[in-house]
Amino acid sequence: MLAQFITNGLISGGAYSLIAIGYTMIYGIGKLINFAHGELYMGGAYCFYLFYIVLGWDIYSSTLLAVIAGGVLGMGLERVAYRPFKGSSRLVPLITTIGASTFLRAAVTLLFDLNTKSLLKNASFQEPFSILGINITPVQGLTIVVSLGLMSLLTVVLKKTRVGKAIRATAEDRASASYVGIDTDRITSITFAIGGLMAAVAGILVGYDQNISPNMGILAGFKGFTAAVLGGIGSIPGAALGGICIGLAENLGAAYISSAYKDSISFAMLVLVLLYKPRGILGEKQ
Amino acid sequence: MLQIRELSKSFDGIEAVKEFDLDLAPGKITALIGPNGAGKTTLFNLVTGFVSPTRGRILWKEQNTTGMPSHVIARLGISRTFQEVKLFRSLTVAENLLMAKRKGTYEGLWAALVRRAAFKNQARQHRRDCEKSLQAVMLSDKADLPASALSYGQGKLLEILKAVATDPQLLLLDEPVAGLNPIMINTIRTFVTDLAKRNGITVLLIEHNIPFVLEIADWVVVMDHGIKIAEGIPEDIKKNSKVVKAYLG
Amino acid sequence: MSYLLHIIILVGFFSILSVSLNIACGYAGILSLAHAAFYGIGAYAVGLLTAKAGVPFWPAFLLGSIISCLFGLLVAIPTLRLKGDYLLIATLGFGEIFRNSLINWDALTEGPRGITAIPPATLFGFRLATDQSFFLLLFACIVLCVGTSYLLKSSPFGQVLFAIAEDEDGVTALGRNPVRFKVLTMGISAFWAGVAGGLYAVYVGYISPNIFSINESILIFTMVLLGGLRSIRGSILGAFVLIALPEIMRFVGLPNNIAAVVRQMIYGALLVLIMYFRPQGFLGTIRLR
C-alpha cells in the first residue's frame, strides 16, 4: 500500500511541480506572487474541454492548442495585471492578480457553468493497469513522464538558449539585464507564457484524470505556491522538489492521518513554511 | 555610560563586527568613522537591539542590555536616527514630533475609547513644546503639513528632533548630515553640540563628512572591516597613518 | 419595500465587515484576507450556541464575537512577522484552514450541510423576528462599530497604527512594540467581523460554510480598497457600491445565477481597475501605489 501512496504522491507531485515552477519563474522575473496562476492551470483544462469535447477536435490538436492557449493567457495576464503596476510595491500586482483570478473564475463559470465536467470521450482510455502491485492509469503515468520531461526541457532551454539565458539574467538583476540590451518587458512576457504553458499542461493532465471545475485552480494554485515557497521561491529545482514533497505529504497524510483534511494539510504546510522557513529548502534570498 | 565589550556579529559567515570595545563618556560627542561596509551601522543596530550580537556584551548605565528587544532599549534612554529618513509621511510634522514626545503614554485602547480628555489635554501641552522645538530650527510654519512636504534636509532635521524629543541620554545619529547643504550642516552642528554641552546628552554619530567630524567631535573612533583600528582626539586621528590607509587603500 | 430593506440590511452587514477590515488594513497596514473566516466563526458560534445548545441570544452573541476576536489574535501572533504580500497569503491560508476544519468537523458543525433553525435575536424579551426589528439591532451595531473606528482613528493608539503601517522600525526606535499593537488591531478587527457573523446567523436563520469562502474575503477587501484605506465613510460607500449597485442587474432581467457570476466578474475587474485608475479609492488618502 505504501508504494501506492507514494506513486499517487508522485503523480500529484508532478502536476504541482509544473505549477510551482511557473510560480517560481514568475516570481523570479517580476518579484510577483501570481495569485491567478491556478487560473492558468484551470484555463488550460477548459480550453482543452472546449476544443476536445465541445468542438470535437482530435486529442492531439486539442492538447497542443490548449497548451498554447495557456501560454497566451499567461501573456495576457502579464499585460493586464503586472506590466502597468511594475514600479510599485509587490503588493499591488498581487492585488491585481487576485482580481484577475476572481474575474477568470467567474468568466469560466459564465461560459461553462459551475458543474464538474469530464474530459473523457473514451472511458477505456482511463483503465487502470497494474505494475508491481501499484494501480495506475495511463494518464497518471503520463503525468509523471510529462512532468519530468518538461522540467528537463525547461532546464535545457534555460541553460543553453539565448532566451533562457536572458530570462536568467533578468531574474537575477533586472536593471543590469536591461542595461546590456535585454528587452526585459518581452522577456517577462515570455516567462509568463512559459508559466502559463506549464500550468496548462498540468491542468489538462489532472483534468483528464479527475474532471474539471471552474474552481479547480484555487487549490492547485495554492499548493503550487506552497511548493514553490517550500523549495525556495525563485529556485526552479526547488519548485520541482517542493512539488514532489507536497504531493507526497498530501497523499501520505491523507492515507495515514485523515483524508478529509487533505487540503488542510497543504494549507498548514504553507503557513508553516512561510512562518518558519521562508527561504525554503533550497532557498534564495528574498 | 555606554560600555561595549568584545562585541561581535557575523552574518552568513561574514564578520560585520569583530571584538569591538568602546567606552562612551557622558556629555561627549564621539564620531564613528570608517570606509563603507566597515560595520558602523551594524554597530548601531547592535547597541539599539535591532540585531543581536553573536558574542560580547553591551552595558548601558551599568545594565546589561545585550539581546534586549529594541523597543525596550529605546525606553532606557537610547535614541537613534537611521541612514534613510524614517519619517511617518502620512502624519503631519507636528504629529511626528508628538509621537516621540508622548513616549507611549495614553496609547492604549482604554485611552482611545474612554480617557479621551486626558490625552487631548496632554496633546495640547506637548503641542506647545513641539512648536518651540520646531521654531528653534525654523520649521514651525510646516507644523501642520504632512511630513512628506519637507525637503530632504528638513526631514533629517525633524528626525533628529524626534530622536531628542524622547529625552534620551544617549543619542545615536547615523549620517546626520549626509547629502545636506552647508547651511543645514551648520544648523545641525550647532544643534547637536548644544545637546551635548547644555543638556549633557551623550552623542555617538556615524559620518563620512570628515570636516564636519573634525569640527564637532570630542573623540573619534575609526572602524574598518568590523574592527576598531584607531581612536583618539580629532587632531591625532587626522595624522594617523592607519586611518589614512584604510580610507585610501 | 421589504426587498429594499433586505438590501439595506445586506449593506449593513458588509459595512460592519468593511469598516472593521479597514481597521486592520487601512490603519495598521495589515492586509488580511482572513476576514470572512472570522465572520464565519462568529456566525457558527452563535448558530451552534443558540440552535444546538439553547443558549439565549445575548450571551451567545457576545461569546461568538469574543471567540472571533480570539481567533484573530491566534492568527495574528504567528503571521504578523511576515511582510506585505506574504502576510496576505498567510492570512488566506489560515482562513482556508478554519473553513476546511469547520466543513470537516461534522460532529460539531454538521459539515457542509450547515446549521439550520437558528432562532431570531431577542432583545429584552422581544423576538426580533421581523426585518424591521432586526434592522434596529443591526443599526445599533453599525453605529457602535463605526463609532469605535472613529475613536481609534482620532486617538494616539490610531496614530501609532498609522506610523506602524508606514515604518515599523521607526516606531520601534521610539520605544513602542509594534507587534503588540498589530495583534490588538487584528483582535479588534476580528471581533467586529464576529459581530457581523452573529447578526447574519440570526437574520437568515441558516448558515453554511459557503458564506465565508475566499471570495467573501476578497469582496470585503475590494470594498475597503474601493472606498479608500483609512476612510470609514469610504468603507461604507464601498459596501454600498458593491452590494446595492449590482442589484440593478436584477431589473435588467438577468437570471439570478448569471447575475451572481457577473457580479464576481465585476468584483475581479474592479480590483484591477481601482489599482490602475484610482489606487486611493473614492475617499482615501493613502495610496498603495
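Note that the chains take the letters A, B and C in the order they are written out, and that residue 1 is the start of every chain.
Assume a contact is a pair of C-beta atoms (placed from the backbone, for glycine too) under 8 Å apart; a residue touches a chain by one contact, two chains touch by 3 or more.
Treat the numbers as computed from the prediction; the structure is a model and nothing was measured.
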| item | value |
| --- | --- |
| Chain C and chain A - chains in contact with each | none |
| Most widely separated chain from chain A, with each centre as the mean of CA atoms | B |
| Geometric centre distance via CA averages, chain C-chain A, whole Å | 31 |
| Centre-to-centre distance between chain C and chain B (centres being mean Cα positions), rounded to whole Å | 42 |
| Gap in Å, rounded to a whole number, between the CA centres of chain B and chain A | 48 |
| Residue list for chain B, restricted to those that touch at least two other chains | none |
| Chain B residues touching chain C - in the complex, by the definition given at the top | 48, 50, 69-71, 74-75, 79-80, 82, 86-91, 95, 98-100, 102-109, 111-113, 116, 119, 123, 162-163, 166 |
| Complex contact set, residues of chain C against chain A | 31, 78-79, 81-82, 84-86, 88-90, 93-94, 96-97, 100-101, 104, 214-215, 218, 221-222, 225, 258, 261-265, 267-272, 275-276, 279, 288-289 |
| Chain C-touching residues of chain A, taken from the complex the two chains share | 33, 80-81, 84-85, 88-92, 94-96, 98-107, 109-110, 218, 222, 225, 260-261, 263-264, 267-268, 270-271, 274-275, 278 |
| In the complex with chain B, residue positions of chain C that touch it | 148, 151-152, 155-160, 162-163, 165-167, 169-170, 172-178, 184, 188, 285-286 |
